[in-house]
Amino acid sequence: MLDLLWLIPALPLAGFLVLLFAGEKLGKSGVAWVGAGSVGISALIAGLLKWTFLTSPPEGHHFTQALWTWLDVGAFKPEIALYLDPLSLVMTLVVTGVGFLIHLYSVGYMHDDEDYSRFFACMNLFVFAMLILVLADNLLLLYVGWEGVGLCSYLLIGFWYKDPANCKAAQKAFIVTRVGDTAMALGFFLLVTQLGTLQVQDLLERAATRWEPGSGMALATALLLLGGAVGKSGQLPLQTWLPDAMAGPTPVSALIHAATMVTAGVYLIARTYVIYTLAPAAMAAVAVVGALTLLIAGLAAFAQSDIKRVLAYSTISQIGYMFLALGVGAWSAAMFHFMTHAFFKALLFLAAGSVIYALHHEQNIFKMGGIRKQLPLTYRTFLIGASSLAAIPFITSGFYSKDAILYQAFTSEHGHFLLWLAGALGALMTSAYTFRMVFIAFFGEPKTHVHHKPGWVMNFPLLALAFLSTVGGFIELPHFMGHAQFFADFMAPSFAHAAGHAAEAHHGAGLEIGLMVVAMALGLGGIAAAYVLFLAKPEIIEEKMKSEGNRKLHAFLFSGLGFDKLYDTLFVNPYCWIARVNKRDIVDLGYSFLAAVGMLVHFLLGLTVTGRVRWYAAGIAAGCLILMSVMVFT
Amino acid sequence: MTEAQFVALSPLILVGLAALVVMLAASFKRSNGLALGLTLAGFAASLVSLAWAAKVAPVQVTPLILIDRLALFYLGLVFLTGAAVALLGHGYFEKRAGYRDEFYMLLLMATLGAGVLVATTHFAALFIGLELLTISLYALVGYTRTEPRSLEAGLKYLVLATVSTSFLLFGVALLYAELGTMEFGKMVDLIRQGGHRETLVNGAIALVGIGIGFKLALVPLHMWTPDVYEGAPAPVTAFVATVSKGAMTAVLLRLYLLVGGAIPDSVMTLLSVIAILSMFVGNLLALLQDNVKRILAYSSIAHLGYLLVAFIAGGNFAPEAVTYYLIAYMATSLGTFGMVSVISGREREAEELRDYAGLFWRRPFEAGVFAAMLMSLAGIPLTAGFIGKFYLLAAGVDMGAWVLLGSVVINSALGLFYYLRIVASMYAAETSAKPGAAAREVALLGSATLAALALCLIWLGVFPAGLITLIRSAVLGV
Amino acid sequence: MILVWLILIPLVGGVVAGFVGSRNVSACRWISLVALALDAALAIGMISQHLGGFQYESSKVWFEEFRASWIPVLGISVHLGLDGLSSLMVLLTLFLGIIGVGASWSEIQERAGFFHFNFLWIIAGVLGVFLALDLFLFFFFWEIMLVPMYFLIGIWGHENRQYAAVKFFIFTQASGLLMLLSILALVFVHRAGTGTLTFDYSELLGTQMLPAVATWIMLGFFIAFTVKLPAFPFHPWLPDAHTEAPTAGSIVLAGILLKTGAYGLLRFTVPLFPEAARSFAPVAMTLGVIGIIYAALMAFSQSDLKRLVAYTSVSHMGFVLLGIYSFNEFALQGVVMQMICHGLSAGAQFMLVGALYERIHTRDMGKMGGLWTTAPAFGVAGMFFAMASLGLPGLGNFIAEFLILVGSFQASVPATTIAALGLVGATVYSLWFMRGAFFGPNERGWTIVDLNARELVLIAAFVIGLVWLGVYPQPVLNAVAPVVQSLEKMTQPVTAALLRS
Amino acid sequence: MTSVPMDHGLLLAGLLFAVGLAGVLVRRNILYVLMSLEIMMNSAALAFVVAGARWSQPDGQIVFIFIVTVAAAEVAVGLALVYQMFKRMKTLDADAASLMRG
Amino acid sequence: MTIAFYVASAVALFATLMVVTRRNPVHAVLYLMVSLLAVAVVFFTLGAHFAAALEVIIYAGAIIVLFVFMIMLLNIGPPPSTRQESLLLTPGIWVGPSALSVLLAGLFLYVILAGGRSVQAGSYVDAKTVGISMFEIYFLGVELASMILLAGLVGAYHLGKRDLPDEAEGGNG
């Protein structure tokens, strides 16, 4: 059964190739069948594998399928091999499962687009690349997927390429993540040089034995890999591309920029967790990055008017939670949050997509309003998603996963009160801005006419995801609520090396309940505040906005805290400036100058050839004078 | 005069005789073809007699002339070149009005003068040979007397050559006054022994150098070159560029071999400066020149600068390098100026760059040969010019003359620029070329000569071993 | 003897094509194609014997060798030899040669005979360069390939062709003469030591000389090769030459001619002067790194598509320089990979741009945009090669750059760090390329014919090559492993020393 | 037999040479230029005769004879050229005869 | 004889200077003749009698006559052409060439006089010795000199010849 593993990435690849070469001839339904079908079958196979893992797990809870030797240089011998363990299995499930739902959704959402087959081709390619990323047995192969998803992200953000703004957003996404990737590549070089392999399990093995905890090498490697992770996952300081990435079609945002690709950074760190455990400083960095990101993104989300941008900032913020979790050693909590987040964020995006679809590509929440009544199903599913995001206690999956993170941020040996505080504040902001969005968009007076309602292909994924967003959290319950640890137990083999199993550090139910209550209070408080400010008494905001300072503050928040401007000034503009100024290539000008000197001398010498015989004779005489003088006087 | 001496002199005698025969024939029947036939017969006879003379060589005929392997080798070179010029001239003057026989007479006499130069070991003979060559050339340069530029060139050449010869003569007179002999060998010995007035001798050598440098058109004695090359009829230009320079180089080589490298450093430095200046001035002046003949004139200045590098570098390779380079240069110059004469029309010569526009497509054969010649001048492989340059650099590297070599490299780049300008204009689209420059008919003999030259150029560029062996035996025989 | 045939077939084919071309244009195309295909078949047949089963098993250095006397008085002989490195280069040359003929099938209508003559002679010259084992012969071929290339650019090039052709010629010729000086100096040094005058590579290997002398002689080689490569301060000829050349010219320029520079460094500069090369490594690596970054920036600043691609070549060749002077197996393997992959990706890009130019008669990105809509296959191909150019994993270029950087990381961490930034630069210009040509609004309202069958076949060949090299590069790595290992051995102390420090 | 120092003879030759050179350089009339050339040749010939006298050798005078011969031939050709030039260009100004330059 | 040498030298120098500075070509030619005759005297004082005779006959006789013929042929003796000559000889034109010539003369002076040792001229060389030497050692030179004359003849003939009917006036540029 496990031997079917290779089919999981191969099917989307086949789908991609079919669509690439025959996409135009298949017709729309054919494209839909190939595009969604290939991912669907992959999802089924992934489910089968999961079942196999649950019923008869392979030895050591992992399974490697080596396809062929990729390179063989010296002792460095990476293979094209797939590696399945609980961690990659969860990722695979989410990628294929959520991916399938989103494909299905796209069948309806993109139906009127002229580039239907290109869309599905890119989506399939993305799923393929993402699967390679998660299933890669070594980091080099992981890098293939890593860059592959980057490419697809680029292609899909710029899917509607006729608008220059979309192209720009796509380029930004690619380039910014590439900055992080470069750091990551350097990390790989370091690993190859120091440990001689990129095969993940060997690597972790060797790192654990060869590097002292806290050693410089481990720290450097960890930080370099972190560079890649923050780039891909839209974390500080490379988060700026993600809000712009919303230029792509909404299913793309759901799949790539919410559920799967942007969490690749989380996956990478989880995958190489041993290196981080060897470098506590790097762990701290991860946690701080996460904490800061979640706060900053949360703040920025308040000022957005585009529904997708709000969601984008919320994504950044939620991934910040995952980083926070990773940073405190809560590996499985991070993955748990990844999973629930994939469900509810995909749900939110798809629901938002339905709204946008219905309102004929209207994305501004201030122009929506009152859709609650017009699109009840969409409203309900969106509300489920929003609740999950806002972590409404007990009934939503987001609550459980976030709670696990907050708890560990406080209690883990790597944790810290400030980290917890940041997370808690984040929870407040999350619920506030989430419900700000809900209230503004779905309540109040309708401002835009609903053109057409989504059909079942779009509604079914919403329902499915809504279901998952709700029940997905019940597999991992806090200690005092029965202490179900299905997820953590399942993940455990993947984090076998983790020093001092974080989850085991039990601080008693009192503390846990206390923390949870605080978080719950903050979350609900946020909703209440949102209700007051955006639904009940919007004039408060209007009043505040009259002041110049507040408007500036709003603009500052709206711009994502000015990071774009900062980077423009520091990097983009100088680069463009040099490129513009030096278009003629100063080196070339140097040579041209030499040539010009030659021409000048030619011209000057030409003046000596006067054509007058007396002058020539004088030349001879002068030459004689010089020649003789030299001969005689030296 | 012994039989051996007579045999040894026979190549020179035959060429002189040919001049007289042509003159005699002209008094009966003026015919371009006949004159050419007789001229070629003369050259052929003397070339054949070279083999005859080689059997008795070396022979000293009076103190004036020494027929040794070096002389024979260069005689062969000079005569072959002369014959080629005759062939080119046939087609060229066929298109033009006026008597043609005089051309062959003067050509033969000039060649004879050059022949004397390569075999001379005495300053009196040097002077005579030089003047025979030069006076014939005055008339040859001004040969197309209906063309003002030709006359102007003739006059300029006459005035300047006489000035420089006077310097030479004065120098020789001073040397003679101090040393009491005009024989090369004895003079070198006496100078080496010392005991004479250094300043006088040095000054005199400088004056002699002026005379030689003028013929070789080295900076600062180069200024006549472009004007004379431009004004002279193209075949004559070919002759001036090849025979007269080649003969003078032979003299220089002979002196060089006699001196045996014992040249004071100051002189070496001076020569280096002259070589470098010649390269730079020649190439820079040619850079944006639009007249092909002038371009080639300037390039010849530079080429003699290169040649001087081999002399200066000295060492084992120098004589070989000089000779090989000279041969390559002569063959190529002959080819380039020959090409100008072959494709020139009746009214005027094809000398403007734009006259060459589209030549590649109009007359692919000629253009191809011309391009090959230019590549040879530039020293690109597959041509003799490459082997020549290779030799030159080898000689330079052997002796570690890095400054000179650096100049050679820079100047090769400069040179390439204007050679490529010509090539480029040949494959450019035909534009509004001035009429009258294009030949309507193909000069069969001329084209055949050029084809042979091109073949020889490429043969020497690909299989140089044979010629190298020959040169070695000639040069080392001294 | 088979090696001589390898060179002779294109030479003769060129002459025949040249003669036939004046009467029958399509016949001369077929003749060229057949000649190259024949040559390729010959080469593949021979090489596959030695690389049989993709396993390198021979213990002797040269697969094939040919030796004949040429100019015995100067110790010059016709000495040809083929090893793993030159095998790959020969195959690449013939592959791109065939592509080049195909790419100019419809582009070259005028004077096709002479075109194919020149083209085949370039191929022959390049093959000679890759096979020559006598330094004189090497130089001979090195220069010979310039002339037809000059004609190719000068006659069939674009608007500013004269300037570009002359610049190309002068740069390479002047630097070539420096190399000739170095060759001569080496030969004379060797003669001073042993008493024999020879230009033979195998005999000149291991010539003993003072370090200062070796450095100077090496510099001559180095400059000649880095001009051809081209490395940073010597690159200005390249953008012009590439831009103005006809498509086939650009393909062979970028694909093969640049590789002769890299080949020269690998074959001559390093093995002949290992010590000097070692002490020179910091300078060379610095030049390489500067080249990577600078050219990436320059590529971004261009609006002419061909110029852009040309600068990307400079950038990629910076990696080659960096890799060669890292002196370890990773880097050297990467260098060979980079030579091949860049040959393919840049060749393909030039082909695409050429095909585009045929359709819209401009290379200015300011006048393009949105072409994806009207020619999606073009767009896909452009995307593919842009991605290859930026080193997308899964394609050959990634393997190449990865190996080079892993190798150079072991030699110099700072250099590698800066060079890695070149990856970002590559992203910027590749996306700029895509944005300029294929994305954005189609403001000019272009409607163009998409790639036709002939072009698709050629593009497919490139694509297959790059993907194959990206996912299974082992045959290439195996083929050059012995060469690379001996190079590494030769320069061993440097790596050890750097690691120690 | 005589008591003239050789150097004085050479000196005279040198001065004559310089004067002749000055003539070539100064005079634009081509006839004067030819005359000045004769002066230069003649001064060189004088130097040879002086040198020959110093060594009591006939060689100096023989070279003198050669020089005279050459001078005669040269003047003949030169004047023919001047004649043609005057005919075509209606001037004897040497500077005017500069159709070719640069 | 010594005095004769110096007097003749002075005359030669003076006459030569006059040649170079005259405006009327006829005057100049006459001064040239004087100069050549004076040089002949110098030859005589040096014991080169044969040379002195030849100088008078060939130079002063034949060559000068050629010049005179040419002046007549071109008809440039009379005043209009002298005036034209003055136009050509502006004062400024003298500066550079004179300086150059003086410098060169100075250099010659230095070269000839430096080293101090002044050698007396040798003995008288009679015509017979010259003749014997000429036809024994230098006979090749004599033959070649004849060729030179022939070349001069052919050249002068060709150049001086009237235009043939088919010879058009040459192109004007």
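For reference, chains read A, B, C, D and E in written order, and residue numbers begin at 1 within each chain.
In this text, contacts are C-beta pairs under 8 Å (C-beta built on N, C-alpha and C of every residue); 3 or more make two chains touch, one makes a residue touch a chain.
Since this is a predicted model, take the numbers as computed values, not measurements.
A.B. asks: What chains do subunit D and subunit E have as common neighbours?
C.D. replies: Where subunit D and subunit E share a partner, that partner set is A, B.
A.B. asks: Write down the chain pair with more C-beta contact pairs when B-D is set against A-B.
C.D. replies: B-D is joined by more C-beta pairs in contact.
A.B. asks: Of all the other chains, whose mean CA position lies farthest from subunit A?
C.D. replies: Ranked by distance of C-alpha centres from subunit A, the top chain is E.
A.B. asks: What is the identifier of the chain with the smallest separation between its Cα mean and the overall Cα mean?
C.D. replies: Taking the mean of C-alpha atoms per chain, the most central one is C.
A.B. asks: Using mean CA coordinates as chain centres, what's the subunit C-subunit D distance in Å?
C.D. replies: 65
A.B. asks: Report, in whole Å, the distance between the mean C-alpha point of subunit A and the mean C-alpha point of subunit E.
C.D. replies: 100
A.B. asks: Measure off the straight-line distance from the CA centroid of subunit B to the CA centroid of subunit C, and report it in whole Å.
C.D. replies: Averaging C-alpha atoms per chain gives centres 43 Å apart.
A.B. asks: Once you find the CA centre of subunit C and the CA centre of subunit E, what distance in Å lies between them?
C.D. replies: 69
A.B. asks: Pull out every residue in subunit B that's touching 2 or more other chains.
C.D. replies: Within subunit B, the residues that touch at least two other chains are 124, 128, 131, 135, 138-139, 142, 145-146, 148, 154-156, 159, 163, 174, 199, 203, 226-227.
A.B. asks: Scan subunit C for residues touching two or more other chains and write them down.
C.D. replies: none
A.B. asks: Give the residues of subunit E touching no fewer than two other chains, as numbers and ranges.
C.D. replies: Where subunit E meets two or more other chains at a single residue, that happens at 96-97, 100-101, 104, 107-108, 110-112, 114, 138, 141, 145, 148, 151-152, 155-159, 169-170.
A.B. asks: State which pairs of chains touch, listing all of them.
C.D. replies: A-B, A-C, A-D, A-E, B-C, B-D, B-E, D-E
A.B. asks: Per the contact definition, I'd like the list of subunit C residues that touch subunit A in the complex.
C.D. replies: These residues of subunit C touch subunit A: 232-233, 235-236, 239, 297-298, 300-302, 329-330, 333, 370, 372-373, 376, 380, 383, 387, 390, 392-394, 398-399, 402-403, 405-406, 409-410, 416-417, 420-421, 423-424, 427-428, 431-432, 435, 438-442, 471-474, 477-478.
A.B. asks: Inside the complex, what are the residues of subunit A that reach subunit E?
C.D. replies: 614, 618, 621-622, 624-625, 628-629, 632
A.B. asks: Sort out for me which residues of subunit D touch subunit E in the complex.
C.D. replies: 1-12, 14-23, 25-29, 31-32, 34-36, 38-39, 42, 46, 49-50, 52-62, 64-66, 68-77, 79-84, 86, 88, 92-93, 95, 99
A.B. asks: In the complex formed with subunit C, which residues of subunit B make contact?
C.D. replies: Residues of subunit B touching subunit C: 361, 375, 378, 380-382, 386, 390, 393-394, 396-398, 405, 408-410, 412-413, 416-417, 420-421, 423-424, 427, 463-465, 468-469, 472.
A.B. asks: Show me the residue ranges of subunit B that touch subunit D in the complex, using the header's touch definition.
C.D. replies: On the subunit B side, the touching residues are 124, 127-128, 131, 135, 138-139, 142, 145-146, 148-149, 151-156, 158-159, 162-163, 165-166, 169-170, 172-174, 176-177, 180, 182, 226-227, 230-231, 289, 294.
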